[in-house]
Amino acid sequence: MSELNVVGKSVKRYDALEKVTGKAPFVYDMFLPDMLWAKVLRSPYPHAKIIKIDTTEAEKLPGVVGILTAADLPKTNHGAGLIDEPTMAIDRVRFVGEPVVAVAAESEDIAQEALTLIDVEYEELPGVFDPEIAMQTNPPSIIHPDLRSYSFSPVVPPAFDDDKPNVYNHYKIRHGNLEAGFQQADVVIENRFTTAMMQHCQMEPHVAVARAEVNGDITVWTSAQTIYGIKQMLCDALQMSSSKVRVIVPYVGGGYGGKVEIKTEAIAVGLAMKTRRPVRFAFTREEVFTSASVRHPSVIYVKDGVKKDGTLVAREVKVILNGGAYSAYGYLTVRNASFGAVGTYKVPNFKLDSYGVYTNLPIGGAFRGFGSNQVCWAIECQMDRIADHLNIDPVELRRKNLLSEGEINVSGETTHSYGTKECLEKVVEEIGYNQPKGESKGPWKRGRGIGLANKYSIAPTSSCAIIKLHDDGYVELRTSADEMGQGSRTVLAQIAAEEFNVEFDKVKVVAGDTLITPYDQGSISSRTTYNTGNAVRLACEDAKRQLFKQAAKKLEAPPEKLETANGRVFVKGSPDRSIAFGDLFIPTMFASGKVLKQGAELLGKATWYQFASAEDKETGQGTRVVAFYIHGATGAEVEVNEETGEVRVIKAVSAFDMGKAINPELCEQQIEGGIGMGIGAALYEEMAFDNGAVLNPNFMDYKIPTSREIPGPSNVKSFIVEANHPDGPFGAKGIGEGVTISVGPAIQAAINDAVGIRLGDMPMTRERVFQALSRKKA
Amino acid sequence: MEAVSSKIVNILVNGNNYEVTVASNDTLLTVLRDKLGLTGTKFGCGNGECGACTVLIDGEAVNSCLVLALNCEGKEIQTIEGLASSNGDLHPIQQAFVDNFAIQCGFCTPGIIMSTKSLLEKNQNPTEYEIREAVNGNICRCTGYENIVKAVSAAAETLRGK
Amino acid sequence: MSYPHVITKTIKEFKLISPTTIEEALYALNEYKTDTRIIAGGTDLVPLMKHRAVTPKYVVSIEKLKELDYVRLVGDQLRIGALTKINTIKNSDVIMKNCYSLYEASLVFATPQIRNVATIGGNICRSSPSADTVPSLLVFNAQVKLVNQKGERIIPLEQFFTGPGLNVADSDLLTEIIIPIEKGEYGTAFHKISRNTSDLAKVNCAVKVSISHEKFSDVKVALGAVSDRPIRAKNVEKLLIDKKINAENIEKASEMVINDINPITDVRSTEIYRKEISKVLVKRMLNLAVERAQK
Amino acid sequence: MNISTSFQTPVPIQGVWEVIFDPYNIGKTIPGCEEVEVREDNTYLSKVTVKVAYIKAKFKLLSKIVEEEAPTRIVTYTIGEGIGLLSNVSMTTTLELNSLSEDSTEVVINAELNVTGTLANLGARIMRAKVEGMVDDWRLSMKQLIEDINNPLKKVSGQETIHF
Amino acid sequence: MKYPLKLHVNQRTYNLEVYPSQNLRDVLREELGLTGTKEGCSTGNCGACTVIMNGMSVKSCLILALQADGKEILTVEGLSTNGQLHPLQESFIDKQAVQCGYCTPGMLMSAKALLDQNPNPTEEEVRDGLHGNICRCTGYVKIVEAVLDAAEKIGQ
Amino acid sequence: MNMFYYEPKTFQEACDLLNKYQDDAKLIAGGQSLMILLRQKVVVPEHLINLKNIKEGAYIKEEGGELKIGALTTHRQIEKSPLVREKLPAFAEVFSGIGSVQVRNWGTIGGNLAHSDPAGDLAPILMVLGARVRVISKSNSNEMPLESFITGYLETKLRASEMLQEIIIPLSKAKSGMAYEKESVRAGDMAMASAAAFIEIGSKGITRAKVVVGAVGEMPIRLENLEKELQGQGSKGELHIDPKFDQSIIRMDPYVSKEYKYEISKVKLRNVIQTAFERAKQA
């Protein structure tokens, strides 16, 4: 590849100036003229029938303009793959926090007061919260009695289990011969692992502002990360024709997977249509916890057969994801979480069953890592236990069992762009794995540990991009890849700049408006750089093709001999033979005397489609099941207080292979952010429940790490391993989700190194550490 | 007798009761637009010359830019936003303006429609002269008024038929 | 009073007093004597305040004094409350019957929106030389009632004006316009020359003639926008009284209006045009009034 | 949340049963209970003000006796919503009576209480610690009432105790 | 019942009338349109609404608007002057300390208050000084770097 | 509901208002706890009295061997006060663990104590220091030990017409040491358990010990048995600390078990006693 000018450079973020000056547009900051404020009355019960809804008193309250219930909406459900979720509860509520009645009023206060005047009569049904109880043949409650009548996506059809009425999807992988594998094994080790429910806690709560246009069209501004996905769900939920709905997403104050579903949009739109006035529906922080999606809590059983030398010969995994009341993106998580057990290790005989189980809890959805966090937690913890058992160094055990480039993994895919080994070695070195440990002070004991991670990216999937050339040499990129902090606008602009050989600041990005910007599946699954990046490259090529056709005549050289730089078309190798873009397609400018007879606008368009192979339903085998895998490793050094169980992270090092780093500093941002969120998941974050009601729906009691809990810059190191992917733009893959996954296992290993306890439940709260220490003492 | 520089004023706009803090120097127009966000009513000249800010106070068309908001306590005000019914159906006057191509840039339209409404409430069968006289206080720069007059007649006819 | 060149959209802050009775209003006017304006409909005052042509500290709003909104016949007098809206005048049969030229003035008074708000009292107190209601009132010998805390006085309207925007009211409230009802054969007419109907007058003129035995038994001519205040054309009147009604006399008398007026050149018209058109206007109005009287 | 407590009282089991089977009596003992209205058999409405320092929350509650086995067991299911406050409660209370001897009884209280809405959102930490204290108060006042009703002679004119 | 409130925000004076129950954050955002100050939690935990009042960093969601009467308030909109970015803003850009950007204004205000009091902080002091502000994207690493960088720049 | 708002400039004015409106009034100082309740409409006072403008209410001074702190003094003022740092360094140290800088900048000591959250950091420390509070009303002014001022969960002895004016901390003349520790998930969080100890030593070891355990019961609780056990200990430099206490005072916590709360309290108690003792020796 020839030398790159913009790609691979850490240009400053496209959006930083707007963001440090407080001028960046966020929907939470939007207040439209004549706007109404929406509030929602939510179910106080985890599971109940709705007997009667009486809104008459609320309607009488001055300032109340519109009230919306399921009766006002089409009786249709929506969903990510399994169409099971109503916009508002119809005749039954399935979790505490499910929307039941929405009010639009002149002020937030009035709307709030109106809620207290609404009378809803319920008949409580038994609630089910534990997924292992819920997935029994005779559970205390069947949460979706009509499950089998729901429609679903034909792309990945669900598999139901006849004897498990609350299982909404069951994914299977079968590879080799498990029985034979276990027979070969010298040792069989089985363990149970769990992870807790987490909330994304985007700093910007979910919000939508909807305006019903007089012609019946709908405009919705929303803080979402899948602009077209949201549009689709809205159309499904409200039975609207897709051209009638315009979705606009300015900047998103954090996504992490939590803004892919219509949590606010449909209700805002419903109220706007009813009142004919703009409606703002903004979640309070409490609502984010009770009613937005969450990371599935999980119970995972891993049973491994290993040789004495540590070689894995058989692995059986059972993943139980607590999906909450509706399947949402959890429908896909059930399948894709499985890949956490696929992407890192070589296992000749493999069996996996993954279950999505309905319970009466908040909805399990997409969350940075999409199931891989849970499964990799279990796999990595299990690897450490095998190492303990065989008395092999955990790093050595991993080295022995890693996949390698070109090898077939348990899904039947060929391994590509596999940087795990390099990442592992880098981390081993940088964390000082083999160095003597720091001194312990009083009850504080030090330890180090390492965890690996892999994260697949979704396929099939597609992205489109449009390039418009400006007569002054600027390149305009139109994309619907949502900017939620991951830097998509910057990275995509870098790709366009590289393609046209212009400076980075000569690229303008137009993003996030379904009337203007072309289809994109969204900022999910660490897919944007790879997929939208590819689309941008193709669109640039399309624009250049047209440009060169025009220029060929003027420069008297064949199109294939042309190249662009700094807003001009050059004949390759002849710096003196060039023409400015503006001279090729300037639109009519009377004053300048340039009047073009044709081709006043130059638009390049392209669609990138990432294909997926057919997949066997019973064995999960296919030749291209995912777009790509990200691999990496994290090393952690911790201090554990033997008296109280408190764990402090002293140092964290992560190395990840993201293919080509289009913008290395932005990749570092993702790694560091992943470490931060990973530490939260590992040590602090857990939604607590009582009878289905969240006990800690606020930042006081739900503990997100602050700058004091994450080590400072001198103790956090990120390393980029460029294992280029043959299909990626400039070899790039993705990075967003990977790092969070390996942090928990690394800390777990470090705790063991410090005080000799193995924990299997995340988060590793101080009470859990304390209990394990007590057990060890006893 | 207290001299006040601001006061909370209750006004009924399009059937909704608003309690707004109004300064002595606020006109009804600024209150409607800036405080209530009802920007359908337009600012054209600020001097009562163009009629773009026409609203109905207790049924009478007035230039809202000339009315002190403090004097509107208890008044019933209708603006263009209140014309279409809550299910989105256009008022016959609005429909007539659409049907008769009486709209071009659209900036004077709300004011003219409000003047029309005031006229047709009192006079169900206006002559062309009466129509011209009724919209005399509204300046339109695009249409040359012809289609507006037609639209008003058509609206009158529809309303009479009702 | 001309508008300064700095045009703002906002009014300078002031304090508003909103009396609900005449007593309260008079009390307020007495209390806040300086830097105070009275606002009725406000169609003149609001733009003046916006343009900072006037920047009162206090404004007394008499909008709530509903008792001043009436048109009634009392004995041989027509009485109009100061807060009567121009639109009310336009729709009043009593006024049409007893003060036709005032009715005619209301037809061309600004725009419908303004007529719905503007009051006759406000139009008089604004004391604009071009006020459209005033010439008619002058030819009818109207009087105005001025009230203050000490008492009330009734003065001829003619004596009310003292200059452009100026009048004799001090902390007085103009409450009523009293128009003696004319009996016998008389005719009256009003017309204004302006760019379009809703505009301010270049010249406006009202005439009232009484006829007896084919002679002018009484003539009253009043004009606006041709002097520093609305004026009576007494030279014209003098020349016609007791004269025979014929074209020649009317022609001759109309020419005399030159001696009554003292027009200026401004944005709306020129001195010369105003002089010339005044003659024409007076003549036409005389003819029209005569015609009406003879009917 | 689940709260369990118990007390012993020198009253025969039948005497205890008669007291606690009467909703009026139970209502009287609940801290903050302002009124009790028996609607129909086994169902009663009550209004309770929960007061934690300057935080006051008013609830209207509908209780239903869902299980009774005289004289040993009574299960009440209560649902309620805040008045002017977006909060709901639901509670299943089980009272079990064990006869310890002819004239003494143990009362075991087991309550499964769920609170949602604003009050809960404020932080479970606030709620829990207080609820436990309130149940304690309830236990004491119930014991007091049982004993007062069963030994009416102990009390005259409200305050003074006559010792035999 | 509304009460008069005089706020000096970013060197401009605003005369307002507000209800006693309104907090400073909502008044800044909804009445003055200064939406650079963010709403993140309303319980004083996330710090997105941090502003500087009379030189002190405070959480504007936890202050009655009326308590700010007559006080000098600096929000992120007032941080740059005459189009010239504040060194902290420059450093946040240069050190790539911005991701989704929603916590950024509050973070900047906390950082400014910190540097005003302690112009030469250590890494630990920065981590300590910013712990009232939650960031969910960055892991704080680049934020701390940016603040240290700005301190150096200001010191020069 | 209509809410009326007042800004008294003096304690007297504030007391007059309280006297007038009694239970219908609510005082707000820093409001760092109250604002949340107001927003949630859990507290809806008819009369809201802002104390922030009482300039005479914020001070730190030494008077007659005692440290006097005005109720409206902010955490930050105390934290940064040279006087406090000199006289009670261990007290000044505690503040960095209270909330965040932003909260300390606006929150007041009086507000913190009057709010009486059992997990609060200040009450345990002030209790072991033997602090008193001055409670005033329109016509009265009383002092009482902080220990008896706090009566329960968010509850104090304050009557509707009363307010806190001053916190008085006696300064020990003996060789003494004080320590406070809390266990919280993150720095600055509310404690899940906390402990404070104050120890005076003489030639025959500990002459006076005050020990408080916080955040486990309905209020911080003095452990007098433990104090007695400590009496006379340490003359040879070693302490035998058995920090057990009546577990029935421990209240439910949604996030950690009572057992853990108990165990952790014991660790904290042992730590603070030891630290206070060391400090006393070095004093």
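Of note:
We just call them A, B, C, D, E and F in the order they show up, numbering each chain from 1.
Definition applied: a residue touches a chain if its C-beta (ideal position, glycine included) is under 8 Å from a C-beta of that chain, and two chains touch if they have at least 3 such contacts.
These numbers come from a predicted model, not from an experiment.
Common neighbours of chain E and chain F, listed by label, are A.
Chain closest to the overall centre, judged by the mean of its C-alpha atoms against the mean of all protein C-alpha atoms: E.
Separation between the centroids of chain B and chain E, computed from CA atoms only, is 43 Å. Per-chain Cα centroids separate chain C from chain E by 61 Å. If each chain is reduced to the centroid of its CA atoms, chain C and chain F end up 78 Å from each other. For the pair chain D and chain E, the distance between mean C-alpha positions equals 50 Å. Across the assembly, chain D contributes residues 1, 84-85, 121-122, 124-125 that each touch 2 or more other chains.
Contact with two or more other chains is made by no residue of chain B. In chain E, the residues that reach two or more other chains under the touch definition are 42-43, 128, 131-133. Only residues 2, 17 of chain E touch chain B when the two sit together in their complex. Across the complex, chain E meets chain F through its residues 1, 3, 19-21, 23, 42-44, 47, 50, 56-59, 61-64, 66-67, 69, 110, 113-114, 128-129, 131-133. Listed in rising order, the residues of chain F touching chain A in the complex are 41, 183, 185-190, 254-257, 260, 263-264, 267. Across the complex, chain B is touched by residues 32-35, 62-63, 65, 106, 212, 214, 216, 273-276 of chain A. If you check the complex, the residues on chain A that touch chain F are 112, 643-644, 646, 684, 688, 690, 695-696, 700-701, 703, 705-706, 708-709, 765-767, 770-771.
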